[in-house]
């Protein structure tokens, strides 16, 4: 599936995977629709297995039970009530994800926002008019959640704490806090005083969400209007403002952002606060709509939001569509299962999982180009006929392993001292292993190229520093960054430079290919030492850089 | 921007097209064959459970409908796994109402607020709402546009009987364990524990009833761990007020005995299970569904806020297993007769015990709390709502 | 009950339930050391346990059950590895999806089987293989005898796996390679390590071990299926926390399990302990929710402290959570 180990075979691979420059929009949409269709087909099989007509089931599901329903407007109202929190939460999460800040803490931030807005509602009671009350709740919930998220961001910025793990822990802490408030152990501030059992109290009436009635019997929850307007705002924020640009660049590469003069810490803190703020607002709206707190107030929106944000490729318009689809799936399933009791209410989770797997799997083909080189077979035949000839031709190709060797140095240097010990040790281990196996001596030699040359030894530290930046860029980059044109050409130029220098040294060293084993040992030995020496030097410089 | 809009439009068109295709394939509307009266139910657990609280309710509704000549497959609409969350419950109610249900049953306490709100809506004036273990009803205020009642039962009577079985099995003065989701915080669990203890004491006056409180419903891991603890401290019988069969399974593993709940747990613990207080929910559901179907205007008069007991057959104990002692059946029967005939109830100031021939001996003796003070009069309100103390002989570990 | 007895039962209870954590933690350590933050632990433990239990019951063999649980867990790992390593999908999203999906499959199978769900009592040799062992004189040592030497064989299996994993990671060449991949896949790749093979192997082995943990829980709960809650009951998330708490070291995880387990068991057993040792009465004033939240609070503190100190022994793999794509190196 992946490339063959080039250091072993030295031929252009059968299957080569490269990143696509541009993702074709139509292709992407096509993939998504295809994924949904396949998932629905699999689901249909499951539904048919309990002797329910899949088409009838899906029709009920996809129309969220509005057809043939005299209270159809209620279904739409309830749908909106579950759609809005998901939309807003996914928006908030997409903001932080765009910055490569993995905010897995949506659940916890939602809960904190909910608790705060409920507390405000109970404390303020009827001192404010409904519209003001909702604004206060939204701001209060947003700020509280924002601080909860900011906490992790500060830790990340100052100490490099892993944000995925930290926000995960904070989720559970918030959840248990909520559970604590539902008991009489500490305080019954949130509880219904008239109830025999501890149960969350209904919030005061003026905190109930405002709805605009009059469209038949349907009344529109204004938080929907707010959410849609907010989506447009986020779209503009991300694509048209300086902040949005900063978020993109920081997400793409922190180094680049730094070199461009941006205050990366400030961007991270600000964006994370904003991201959590949005989630807190979502929870305030939800609490206002449902009129009470509950242990399951989140309805797993923090987890679903991550999936939605990802499906939508962090694009606000995409978030609307994706959250709409997932909401239809979940809400519609409840409706359909109510009609067709034989189907297990679990089927929504199953369908969601299947859709995700297929979409994420096919996402690969959207982002990466797969080249299948059939001339591989021809070349293999030729190689079998004339091995020596094939070697020389192979070596003269701009093999990426040669390019990589220069990068290896820089990469080892750039990593912090501790891990470079690990990798340097690993590298040495592998190389000592290689000594025992004749066919691997080539690897050793080519890897040594920069240092066997006395000239390049002196230049090594300087080169390494230069190569630092592009190498760091590439190691820090993960899946789906779309490089800007300028950056792309930059890296292309650099790669070209590297290959040309490498080529020179390669041709110089062609003779050494034939050298006996022992010499290679010596060479490797000394350069190994020199390497670690160079590594230590570069570590120092790299550290100063930081 | 234009491209994005066209994409959006295309997607929407595709969705609508597929919906249209589906609709065309299935006919004009998606309604199933609904003949006659529809009953809607909101469950807290899964409708496919094999045991537990929801299972008992589901069995009750199905049995009642069959007795009334209805077909549960087409006339019972269910929304299950609904947490105690106003939005979710409202979704469920609206879904069921949209299907055309005319009686909506909510089986969990936390559904009350949402159901009460629904019962006040003018558009739901032809739907009757009924709420298990609740305390609200349409008798409370004039805001209600329809009938809304709650129902519960004198399960404490059944617990007393199961206490007799447990007390006879344990050694005199021995320890009897009780795994309770909650203890004195809920009157329901509190009165249950006390009734059980009184039953144990009727045949085993010096026995200790040791309660292990979990603090939550439905956590089977905690239920197991609590039962193991009770077994470790020397309990010979383990009773329970929680949903899973774990305490009974533990009793089986440890070679001791137990009293289950909600259903006959002998199949899970064949060598340990004695008997279990169970609900015959179908007794109520038959009454409620019948009245809602045929005489909805007089629903509140006929059904009221139901509080049936042994007499109505609403609560009972599961058939005694082979593990009970020889005299258990006879003694239980005698007490049952007393209760059913109305001559005695658990929380009166008359204590029961048995003489050597197995006859009942009544002793006038005020009910004492665990700290030794008198409990005073215990009426239905105390049993259902306010009881918050353990009786003498009960302790918590 | 005297102090010795109470303590003994207490320590026994700590180990007998919480050892399932160790399975999940060691499995997750293997995943994370190779650079994959696998958030699907909860789902994998559930599905692995379900699979292992069903296979064990149908074959009436503990060995088959263990193998089955490992394979089912490993299959989930294969899915995760394929999607994240080969197809370069985002690890967090895939992990969470596996959790949701795994739980959905668990319920689908369990509820689908309904009445036909196999009873543990019908498979006697499978059931007996889980029962506590008796090591004679060792088991009779007061306080710790039963707790340490009278546990189920699967407890000792967990500890053995943890020790093997620890030694593997720390002292073998292959383990060094794994650590290299987790720290800096770019360098490791250039050194000739087959990143894909290392990641796949570790992920699959790790998730297989998680599956074993699921099997343990299924047997612990007596094989009684409940339609609304899983056997794992949130343990998978605690395992992720424990990985951090144990500083990514499997052998330290053994002790970490005991500490986390201490809090859970305190919550259940506090009253019995207070009876035997009245000076512990402050324990009953701590609310249940705090006991449940303690593992997460402690882990959060550990996370903060370790990153504050830029602790030399911070074994958190630097390249954790990042997919490795050679062309971008």
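In order of appearance the chains are A, B and C, and numbering begins at 1 in each one.
Please note the rule applied: contacts are C-beta pairs under 8 Å (C-beta built on N, C-alpha and C of every residue); 3 or more make two chains touch, one makes a residue touch a chain.
Quantities reported herein were computed from a predicted structural model and do not represent experimental measurements.
Interface comparison, A-C against B-C: more C-beta pairs in contact at A-C. The chain closest to the protein's centre is C, with centres computed as averages of CA atoms.
Mean C-alpha positions place subunit A and subunit B at a centre distance of 46 Å. In this assembly, the C-alpha centroid of subunit A lies 25 Å from the C-alpha centroid of subunit C. Distance between chain centres (mean CA atoms), subunit B to subunit C: 36 Å. In subunit C, the residues touching two or more other chains are 107, 111, 288. Subunit B has residues 46, 48, 81, 215 in contact with two or more other chains. Multi-chain contact residues of subunit A (touching two or more other chains) are listed as 183, 344. Residues of subunit A that touch subunit B in their complex: 25-26, 29, 33, 53, 55-56, 58-60, 62-63, 65, 67-72, 74-75, 78, 81-82, 183-184, 195-199, 202, 217, 286, 289-292, 294-297, 299, 317, 321, 331, 334-335, 337-341, 344-345. The touching residues of subunit A, when paired with subunit C in their complex, are 1-3, 5, 7, 17-19, 46, 102, 104, 155, 159-162, 164-166, 168-170, 172-173, 176-177, 179-180, 183, 185-186, 303, 306-307, 310, 344, 346, 349-350, 352-354, 356-357, 360-361, 363-364, 367-368, 400-401, 404-405, 407-408, 411-412, 415-416, 418-420, 422-423, 425-427, 429-431, 434, 440, 443, 447, 471, 474-475, 477-479. Considering their complex, residues 37, 39, 79, 83, 86-90, 92-94, 96-98, 100-101, 103-105, 107-108, 111-112, 173, 176-177, 179-180, 183-184, 186-194, 196, 237, 240-241, 244, 287-290, 292-293, 296-297, 299-300, 303-304, 307-308, 310, 312, 314, 316, 318, 320-323, 325-329 of subunit C touch subunit A. Subunit B contributes residues 44-46, 48-50, 52, 54, 81, 212, 215-216, 218-222, 224-226, 228-229, 232-233, 243-246, 249-250, 253, 268, 270, 396-397 to its touches with subunit C in the complex. Across the interface of their complex, subunit A is touched by residues 3-4, 7-8, 10-11, 14-15, 18-19, 22-23, 25-26, 29-32, 40, 46-48, 73, 76-81, 83-88, 90-92, 94-100, 109-110, 113, 123, 135, 185-188, 215, 384-386 of subunit B.
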